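Shared between the two complexes below is chain A, which pairs with chain B and chain C, respectively.
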Partner chain A sequence: MLEVTTINKWPHYRDRFVQLVIYLLVFLVSAVFAWILFDLARGGLTHLSWEFLIESPRDAGRAGGIGSVLVSTLLILLVALTAALPLAWTTAALLAEYVPTTSQFGVTVRFSLQVLAGVPSIVFGLFGNAFFSVYLGLGFSILSGGLTLACMLLPILVSTAEAGLRAVPQSYRLSAAALGMSRTATLFHLLLPVAAPTLAAGLLLGIGRAIAETAALLFTSGYVDRMPGSLLDSGRALALHIFDLSMNVPGGDTPAYASALVLVVLLLCINMLAMKLAYGLQRRKIMTT
Partner chain B sequence: MFQSVQNDALTCWVLRAGAVISALVMLLILAFLLIESWPVLDQITPARFFTDTSWHPIEGTYNLTPMLSGTLLASMGALLLAIPLGITSALFIVFYAPTHLALPYKRMIELLAGIPSVVFGFWGLTTLVPLINQLHPPGASLLAAILVLTLMILPTITLTTYSALKAVPSEFLHNAAALGLSRWGMIHGIAFPAARSGIVAGVILAAGRAIGETMAVLMVAGNVVQHPEGLFDPIRTLAANIALEMAYAMGDHRAVLFVSGLLLMLLVMVLSAMASKIGKNQYA
Partner chain C sequence: MNQTDNNRENPFTLGPLQMGPACCDPQPVIQVENLSLQYDGKTALDNVTLDIYRGCITALIGPSGCGKTSFLSAINRLTDLIPECKVQGCIRVDGRNIYEPTHNVQALRRQIGMVFQKPTPFPLSIRRNITLPLREHGITQRTQVETITEQVLSDVGLWDEVCDRLDTAALSLSGGQQQRLCIARALALNPQILLMDEPCSALDPIASGVVEDLICRLRGRYTIVIVTHNLAQARRIANYAAFFWVKERAGQLVEFGRCQHIFESPTHELTAAYVNGARG
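And now, the complex of A and B:
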């Protein structure tokens, strides 16, 4: 005898309900993102002009532009990359190509970098102030700010470069060895060129990190908003400029909006380019932070 | 030109030197934090950071508990909001989104991760704080700090949960579907348990980020040294305290700020060690 089974409808309704909740929350997150961008654009677009980008700030930043601030930011970035890139890429090459993953040396270096990646930026600021500014006597300068940032960038530059090198197929290394190439030649002429897009993506991510940084620069590169004359001068980074305008300068909101807009647009472009390099070329995923 | 064995050995030593320097940066930072905080650690017992009457560093009373409670409350509040939002975002990308929406949404979250903390702080200061002020003055409050922190750690939770869910072997999901499980039954019964360690590791990483965040919180939290009694009370976090007082701190005061920096660093180190230990158990 056939029995009529009633289908339990409950899981079906529950699925529908969960789906609705998820769509609503996702919509909420997207709306907030759009809200932030819209606010920045509305507050900053009217104030933004070519003059704003090239003039130096006057009257504590209420008038004038952000020319000298952009120059300082660029100099800090250059110092940071000059110091961090050679270290990071040699470390990555060693970790990926020369030592076994499980060796004590490799594990130690990797652990130390992993801890470094989690250190809060204000702690980097404290360290930079104590070590570069006071102990090495560099004072509040672009040099000490840049070197502090270099310490901060090391982990991300190493991990992206290591992932890029590891993603090069093993057969490349075997072919090179079969052709009698030395390991050094393999590294310079084969592995690094093949991994170049990921190295570039990591570099861009590092640049994004560096120009977004404020807390580490508060007590290392300082507040001075004049055009820097040398690397030993104090120079104000763009992110710090936004902080100072909004917290310490009454009536500084409009230029702060415009500066924030410049910073966000710059970062969106850099990060999108990095994603394009990292994903577009079917590399291994390196965007996890 | 690179053909001799000597060259290979030389390269290896150069690379080794670079790696050693990279690894030493970490020790250098710890060493300098210790050296700078030694004048205080040497003189007073650590218990005084909890039992002193108040935070008046110029007069020699160093009670850090208001800052600790501010830091913990703000971070926990942000986690409470960001965990459901982040996990649903990841579920949306992996299971629910139509293909033409999944990738753009993921890219958007990644771009959100790249927005600097000072911009979040500025937006909170000019938009959120006035809104909260209308609801309940003064506006700059624990609630504002929680909301801004939520936005900042949401991408971390979303992206780590995404990786963890992606790493669940697809035959698990196929089997669940073949057994006739509903979609939520599959997610709740199969995907979450299989991805749990990855998700927990991501949440711990996000907690570390929330505890260490400085600028955004500094700009919206009001920075009054007190134990908050409600969501609308202003607070000051440990990291914000360092940023606010470092500029004029001298002698023991400066040393105490380095102690709080050391404390922050140790907290985050413990959290990241936990995260990596838990994260190792997941399906790779």
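And now, the complex of A and C:
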């Protein structure tokens, strides 16, 4: 009897050990994030003020704020999403709902998107420069930067949306068809709402990538730090501003820290907003419990 | 549209459903001729010829994999949704071949409702489960939609259970309630024919009994084709029975006739063996 208990103790310790390791790893991952946030706050919080957020940069960014940079960033993001979202989501709907999985067309489109997802952003930058800025004559502008970003976002938006649509159980499609609903109505009233959280998650990933993008914008939207007057003006994105401050501007470290803090907080806010939106949509239209 | 409205006003649902007339005068509404069905080149159903009579309950019985479900989905052309599925032969509903390219599939599926093995309510509210297909078929007038919703939910005996929580999630209902909601959803479109693919097999005995009673009450008003593995159930509710069997890896119709005939004096020895529990 005694022996049995001693033998049985080992799995118990092993479980405890594994549990401990898992907790430690989770702690480590969160700690990295906390550390980055803390470091940014330590370096940038003192420089942060309302004036910093609304003023335009002066003296190459050493003085002044990031008002114009923020406006440019949001405009670039807006252009990118306006161009990419409709294209990406219709492509995803086509791939998931209208084209057989094994068809040559679907395989080709998916393969090219995968290749596109692996292309380094600097290559997108060069392509955007050659195509949008030079060939289409948009020059260094927010429009050409946004369109370049749109190309970069396509694969991520398409693949998440397609995965989301495919995850919707086939029984919904069959029931809807058996009720005489058209495929389009099924897509809009049933499949898209069910897949909405995944679509929102993909959108989030896309925004995260777009807002933090530097290399692709270097040759397309340029780095003029004035307040943009129109979409055809050059505008400096926030990530590019941070890059420029820390690499090219002696004494620009503090504003760089502050700008980075703003960027991270912005990302956090967008994340939380999108989560809330997705959750709200799920509660309103989709009722799972 | 006008005709549809008239149909609505000619209500099968003013009161609780009552048993329809017995089908002593068989009148074919679905005529299946030489139906063969292939998935990816493999024959699932081979040369089935069979008439389904108006207002009657026809039970399809037989072992798993003998093509009963395929037969059902060929009747409302749900096979269109399955890639690599090929249907040969002819199915006439009210005398018109539904596999003619010009046939309106959506109208056909409105005419022929279907209930699946597992309850498949949409992850929407109870109300929207019924109104969504209605709106899709152009019935958008609010009062009309509400009347139909109440009628069909009363028909399936769900109204009293859910009338105070129509806007809660359909998935929060119990399994039996979900299945009755699915039947109500199908009835809302005022179909002539109901296809049921083992509607009770995913339910507990009590819920199963409730759904079975419901199916019996639908007799006469609707032509019902039901797949069931429960032979006792088939015997209780069906007027006609069709016995399918797998021969050379393809489903075939072995025998079709009045339920009593199939269960008590089958002509084919396979049928006799199956209904007596000796095989299958």
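Throughout what follows, the second predicted complex is superposed on the first by the 230 of 289 C-alpha atoms of A that agree within 3 Å, B and C clash if a C-alpha of one lies under 4 Å from a C-alpha of the other, contacts with A are read in each partner's own complex, and residues count from 1 in each chain.
The rule is simple: contacts are C-beta pairs under 8 Å (C-beta built on N, C-alpha and C of every residue); 3 or more make two chains touch, one makes a residue touch a chain.
Keep in mind it's a predicted model, so treat the numbers as computed, not measured.
In the superposition on chain A, A:Leu232 makes contact with neither chain B nor chain C. In the superposed pair of complexes, A:Asp39 makes contact with chain B only, with no contact to chain C.
With both structures placed on the common chain, the touch criterion links A:Ser182 to chain B and to chain C. Contacts of A:Val194 after superposition: chain C is touched, whereas chain B is not reached. Here chain B and chain C are compared by how many residues of chain A each touches, and B touches more. In the superposed pair of complexes, A:Gly118 makes contact with chain B only, with no contact to chain C.
In the superposition on chain A, A:Ala63 contacts neither chain B nor chain C. Within the superposed three-chain model, A:Leu95 lies in touch with chain B and out of touch with chain C [touch as defined at top]. Common to the chain B and chain C contact sets on chain A are residues 182, 185, 285, 287-289. Chain A meets chain B in the complex at residues 11-12, 14-15, 18-19, 21-23, 25-26, 28-30, 32-33, 35-36, 39-40, 43, 86-91, 93-95, 98, 105, 108-109, 112-127, 129-131, 135, 151, 154, 158, 182-185, 187-188, 208, 211-215, 218-219, 239-240, 242-243, 246-247, 253, 256-257, 260, 263-264, 267-268, 270-272, 275, 285, 287-289.
Chain B meets chain A in the complex at residues 2-5, 7-8, 10-12, 14-23, 25-29, 32-33, 35-36, 84-85, 88-89, 91-92, 96-97, 105, 107-123, 125-127, 151, 154, 156, 159-160, 163, 182-185, 205, 208, 211-215, 218-219, 239, 242-243, 246-247, 257-258, 261, 264-265, 268-269, 271-273, 276.
Listing the residues of chain C that touch chain A in their complex gives 76, 78, 80-81, 83, 105-110, 113-114, 116, 118, 120, 122-125, 132-133, 136-137, 168-172, 182, 185-186, 189.
Residue ranges of chain A in contact with chain C, taken from their complex: 100, 171-182, 185, 189-190, 194, 285-289.
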